[in-house]
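Here chain A shows up in two complexes: once beside chain B, once beside chain C.
Let's look at the complex of A and B:
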């Protein structure tokens, strides 16, 4: 009996654990709960990109990639549990898709020596590799987003924002509060008045905030929302007849899910993005052949080309390129988490490389270093067409205002270093 | 003067929002009143009802994702759409079937158990229904349109602009919600007062044992009450789902009903309405007057603080029954 039980346990463990030769890149996803509608396409895009590499190229450098998935339900406690349970599988990197989980994991990954990749979310000052040795947030962060939004508004207003009013409608959480300091600095620099309007999670009821916007008549609204807060905010903006092309969402407020419920009213709504839109890229032909038509898609295959699917795939692409670079630097295909960190710091995804990968003009060049874990932080704007039900890119990549952002990042990361007792590296 | 006008607008919007909260609270009250069960699954019932309504309306094949995953098919819809009214009626029937199943599979086995056991059962039910809704209709955000108008009422805006020099914002959806909630409450009260089943429901609410002794079927009453609560959940799901699209966070609207129930009392239908109005107006006015001084986002916690203050003075809520237990 004991022998049988031991054999069963051993068989179970062997089935659960990836093959020893595989590289492990976990997917901390959320396919259930209130944020599932956003978590599913992102997780599918992430999985499908690695499936494509496995099926088409035999993996990376001859090593197949295992992507064990763990359900976080966008819940910080569950996210940390996922991290702890996956740690035993020797993961190369973690991408938790939650700023709350990221904040909890930052001290842990430093201790465990596992890179944390948080593209477009997480702790902004993690861009400073001198302090955050194990965290990477390229190609853009929340402060980059705020700065690019203001630059776009400057462009719309002929370069002068004196006397203008900009309202920030934000998710009252670590995520939503991230851009406040940046926008305060930018308001001083450009002379606009900043109205800060927090909305408590989940954000189903926002009447007070939109009545205030109707009374105060800001010229523009910048929004940092997530989940149901996005749909309700856009609907309320439509209700008060706020001009949609004067409303700019961060990239987490710019998926098809966010605008479709408001119907025709959402036409003209703008959002930031750090990657291309739609399926008109050669990569998707390969995706169709090797993943979708082969019946190996992560989900139902109905999310391909959506904003969040593309973002998940792009996150996987950056990780894959970092693995490739890590293998090159280490001189071995079976790299460790520490060697992947070296790969991230040597990462150099050029425009030509994006062409080779089948995604021309999809993302900005990403060049990281020991000091710079966040890239150049460029972003572009997309606009929603309600009649065609699609996003269209309306600007090129716009550089953020480093003059304002660099000192803020230095200040915030220095505060973290002092608090956590971190000694600066890269000297 | 401007502040007074703005405060009036906020107050009116608070009343409308309160009606939306009351709609959710009503379902809780109905079940608690008739069976003493605090139905944790009421928010999920609203979600399930709204998901089913959209699914029927759009001719979606239930469990399509699961069937496709198991058999490699590509099923999505039946290829037809169903008119809103018919879809609402069909959904109401689904909610009746669901009520029957809940009674048969869950409640029947727990007759005579402590209220906390029944409460725990509804927690399980909430998780089950959330998962069932996901598997049945998919987790994507669905647009719900049953023909209810949305957006600013230009008539009210015009009239108030003439009177005060400032046009008030009132959402037409909120006006409809108010009218529908009023009709719903009137219908519920009439049902409880003037029909045989309604009187039986009240008898069960007053005393289970006495009701049983005069031949009232407890099982029938429970199915009936859960069906009515399911219908109320459908109405709440339509109103909230029209605003935000039908998505899984719809189940969280239950959180908005809790302070309403604490304030209005768990056993009173008028209490749910008055409680909803007080919470709606209170939180909106507090956010307007005090919010800017303390950083805003006061509404969620203010509703609970207000309810707690009421609890100190009236533990049974404004309209709840005072329970005196003598040793």
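Let's look at the complex of A and C:
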């Protein structure tokens, strides 16, 4: 009896046995907790894209893709647990959708030799492939986002920001703190005043920050928020009647779930994005035939076409393309994690390739190399229309200010290299 | 039948007063130690270390620390997370400032730093009690988290405010950083847990522990019979914080590897450790281990059972897990308010007489 129980407990504590001979791309998702509103669509998009590839094409290069899911609840301890349990299944790549978990995994993946793909989040200086061998953050990162937001404000103000005031409302965590350095540099360069307003996680309580905004009257607000903090911030901005078209969210603060609770007041709110919006792409026809109508959609299937769903699908697309490239480079379809890294470093998604994939003008061309793990970092702006309940792209892709960003990335990655004892590669 | 006490005579006070007076218990204890030190390190893998045993041992140390303060000395504290953060940031600063010094010394020093901070925040306990003290320690929790977020010196001015543990070795084996092996991580935590549990057990049954319990049971009466409340309360805060600081240092350096104060050491951590000692049993060393095991292992077990074996969707499993753990906590508190330790003690009393209870 005791022995049976012990055996049962031991079996229960063990991770599930992996199915062999498939390519494994785990999905470290969060469908519970204060960040679930944003975690669910992303996880669904990520799963559905691979389901589509499996159903329509029979996988990639004849290999089916397995996407085991693990719930992290955006919590670093659960993230570790997920990473360790998934590690036993020989995963090709990890995509945790959490900057905190990413920071934790960066040293581990370097040691275990598993690529970490963090599109639009994670550690910005991981763009420097010379130092971060296993981390990829293409097509854009936080500093690109900050720079593009400031460039857009420059456009709005006729190229002069002298004497202007820009407030940064941020999630008081690694994620929210990332853009501060860049914005400080940019404020020196363009002569605007930067106001830093941290909001403690999870961000339900931000009355005082918005009172401060009402008092200091910044000309623009840039926001780095996530989860429930998005909805509260937009509602608070509406409450103090802050002009919504002067409020720019990072791409993580610009999904339908974030603006809808504020109703008509959110009309005109802007957010960055590094991919297209809506369902007006040929890919969604295939998605409908092979995934949705076949009843194979992930989750409740009600998130299709939303901003974060598209982003999840886009992340899956880049990974899928890297797998394809890795298979090509390695000359075998059953690739290993190290071969996928080579695939990432040889990745070249052109505009024509995006057309072929059924997503014309959806994302920027992504070309990576041994040195460049972050792509070009272009981003565009989308604006919310409350009456139509949809996002519209209002600019083309804007280039970030590399002149400011490149030295910062070099500096930060050099600091990491010194701290972790990494020698530069690609030389 | 299970306990055979016939012939187990004690001929001296020393023997009678030992931690495990029953021979069979003593054997079981040696057996557990032999397995923990002699067998597990050879069979442990990364998953068992990182997901199960290392967090269990670390939380057991934290729970012992809080148990000294709350269970033995009767001072309610909601500042555990904050004090763990002190341990974590202290060990981080020490590790990066003095890379050549042994990591074990750093972890102990981090414990002493936390003991000092804990004593500072324990000062109000001389004037306020019960709920009011809980609120004062809650203030400590929020203040410390704010401090580590606000002052860049604590995180060595890194751009994101994250602290990352560099690689440090003990006896030539890496115990922190990505290259640390599962047995090394497990053994360092087990070593600390073993020594600290031994220390806690012997402190609590000595003069100091009796003073703490006297203060807990009735502080005025304790004062009248000659217990100095200043010394008793502050020593409880100091020793408790030392344990919690060591746990925080291990949590950051050995287990997580990188941490961010608001996320890793928030108010949730304080509640988690408090729940551990309430479920495990207030005023019991075994209870600290049982409570930590309950709250660390059960979620992992349920998750693997529901998602891994039954193939349920992860969100459904995560919600169910919260409900089941919550329901079990309520169930245990109703059935046995003194926790798992009391449950075990009752079971043992029955077993000692079984099968002839009269």
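The rule is short, and it goes like this: the second predicted complex is superposed on the first by the 408 of 427 C-alpha atoms of A that agree within 3 Å, B and C clash if a C-alpha of one lies under 4 Å from a C-alpha of the other, contacts with A are read in each partner's own complex, and residues count from 1 in each chain.
Please note the rule applied: a contact is a pair of C-beta atoms (placed from the backbone, for glycine too) under 8 Å apart; a residue touches a chain by one contact, two chains touch by 3 or more.
Since the structure is predicted, the reported quantities are computational estimates derived from the model, not experimental observations.
After alignment on the shared chain A, the placement of chain B and chain C results in a clash. Of the two partner chains placed by superposition, chain B and chain C are both touched by A:200. Within the superposed three-chain model, A:147 lies out of touch with both chain B and chain C [touch as defined at top].
Residue contacts after overlaying the shared chain place A:66 against neither chain B nor chain C. Once the two structures are superposed, chain B and chain C can be ranked by residues of chain A touched, with C on top.
In the superposition on chain A, A:372 contacts neither chain B nor chain C.
Applying the stated contact rule after C-alpha superposition, one finds that A:257 touches chain B and leaves chain C untouched. In the superposition on chain A, A:172 makes contact with both chain B and chain C. Within the superposed three-chain model, A:31 lies in touch with chain B and with chain C [touch as defined at top]. By the document's definition of touching, of the two partners only chain C reaches A:75; chain B does not. Residue overlap on chain A between its contacts with chain B in one complex and with chain C in the other: 31-32, 36, 40, 172, 198, 200. Interface residues of chain B, counted against chain A in their complex, comprise 6, 9-10, 13, 17, 20, 65, 68-69, 72, 130-131, 134, 139-141, 143-145, 150-152, 169, 171, 240, 243-245, 247-253, 256, 283-284, 287-288, 291, 295-297, 299-301.
Those residues of chain A whose C-beta lies close enough to touch chain B in the complex are 31-37, 40, 172, 196-200, 202, 204-205, 207-209, 211-212, 214-215, 227-228, 231-232, 235, 238-241, 257, 260-261, 263, 265, 295, 300. Considering their complex, residues 9, 11-16, 29, 31-32, 36, 40, 69-71, 73, 75-77, 80-81, 84-85, 87-88, 99-100, 103-104, 106-108, 110-112, 123-124, 172-175, 177-178, 180-181, 198, 200-201, 299, 412, 415, 419-421 of chain A touch chain C.
Partner chain A is touched in their complex by these residues of chain C: 46-48, 50-52, 55, 96, 149, 158-162, 164, 166-167, 177-179, 255-260, 262-264, 266, 297, 300-305, 307-309, 313-315, 317-319, 322.
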